């Protein structure tokens, strides 16, 4: 019953652009499904393939935002306008305008609570760490972090390190078989492996 | 019909202090209307004219907060109490109290996710950048940014720079005619100008 | 009537694990009651006594998180997984896994919007300031702040300073009599004391 309602809502939203708010609230689309939905209805200047967004990804001016392929946006904010203009106009009796584009290129991850400011271009192949405030362009291949965001590493080196670390895990063989970053069928087994590795067989009371 | 409901809800909330939660949820007041509403019902120690707040502006102790005129508060947090006291009291078997006032003077903007801590005075004529954590007073005319927030510039210099930049925009003439920072009638034309300027006439696929 | 509904909802949720979402939405449990509830139903690896959480405390992987006694979690985030893996796997055609435990020991406070990253151990007796991004262990007794978080002080020194400050307050006698960090019966009197001390007898218009 619920499945039919959800399928109908999804069909209405995707094919007819109807009941879009209801669709998002009831169907709770996954990150990539939300990306597919917003490619059609999100008013973005451009939004590529395999873009994952969260329900709370905060992009108030999508018409000035261009997003490439394989981009993961968490609970972050992307601003194309400067919100202080109204206060400045009244305080200094001036008439200012401050809107600029934001360009996110291919293969970019933007972490939790990160903020991207107007005029910024990020990537390709770049990572913005959680909590970073990005006020300048992020170069191809860079990892940036901090307030304001500064380069702290290179993405290809990070991938090399993570490959090494993954190969050492007791459950490395399972990961080798996994498609993508999450497999619901494999997850219970991974969870048992991980909990035993992280916390051992001791009782939980030792913490 | 909906318009009549909204007008009635607004009237009930503003004139009789009734159904205030419903008013905020249904009528979705603009930032300044919410300021007018909270001046009357928000329990602030003081809240001036032309104060703009967002639905998620987070001010748990308004009775200890004083806000001047022409202040813009985004999705930020202003704390007049120190939340760690309960933990400290139990851990160290002490009886501490840590509540202090927060004073925001005239012509202040506080950016997205910024946090203002107890005891702080900000402004007048000051700007707190997005993501800043303000643990010390912000002097008149200063721009602060970072964690913890430090002075990074002067507001009058920023206004001078923005005036110069605004005058160079292809749509500078429109801005000269605009009242305030947003004119719904002018916005579609501004949007066409901006998109063409930011992204050119090329297809969106170049990103 | 409402009280009976709430009591019934609480009973159903606590004793039978039924209607847990409704319980949280309708009963709006206090921080410690939510801790008691999540100790039973939150899927945490371990969650101790006197743990206080907020409705928006963000812990997406509780099975890999261990939390001690007397811990206060505000509107913060604790991540046991690295969200960028999906993007990296697709961009570099690799198969990475990056999940690690998080251990919060006894007597810890984690401030507003702070972010704790996978692999971190905090405390005991530690304080994470608002807005901090914790990517490394926090040693026993340390106060950390900033992005990334670095030690900025010692908790026992802070408690000593706050004891001194509390003893100087005009309402110090009341605090001496108070149990815990909040007493609803005492609060109105404390509020009068504080407002008079913070803002004096002058009209509010001086700000």
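Letters A, B and C mark the chains in the order given here, with residues in each chain numbered from 1 onward.
The criterion applied here is as follows: a residue touches a chain if its C-beta (ideal position, glycine included) is under 8 Å from a C-beta of that chain, and two chains touch if they have at least 3 such contacts.
Remember, it's a predicted structure, so these values are computed and weren't measured experimentally.
A.B. asks: Which neighbours do chain A and chain B have in common?
C.D. replies: Neighbours common to chain A and chain B are C.
A.B. asks: So chain B and chain C: same face meeting same face, with over half the numbers shared, or different?
C.D. replies: Homomeric contact, different residues on each side for the most part.
A.B. asks: For chain B versus chain C, what separation do you get between their C-alpha means, in angstrom?
C.D. replies: Their C-alpha centroids are separated by 25 Å.
A.B. asks: What are the residue numbers in chain B that touch two or more other chains?
C.D. replies: In chain B, residues 113, 131, 147 touch at least two other chains, as defined above.
A.B. asks: Please output the residues of chain B touching chain A within their complex, sorted ascending.
C.D. replies: Within the complex, chain B touches chain A at residues 50, 52, 70-72, 74, 106-109, 111-113, 125, 127, 129-132, 145-147, 155-156, 158-159, 162-163, 165-166, 169, 171-172, 175-176, 178, 180-182, 190-191, 194-195, 198-199, 204-205, 207.
A.B. asks: Going by the contact rule at the top, pick out the chain C residues touching chain A in the complex.
C.D. replies: Contact set of chain C toward chain A: 45-46, 48, 63-64, 66-68, 77, 79, 83-92, 94-101, 103, 105, 113, 115, 117, 131, 133, 147-148.
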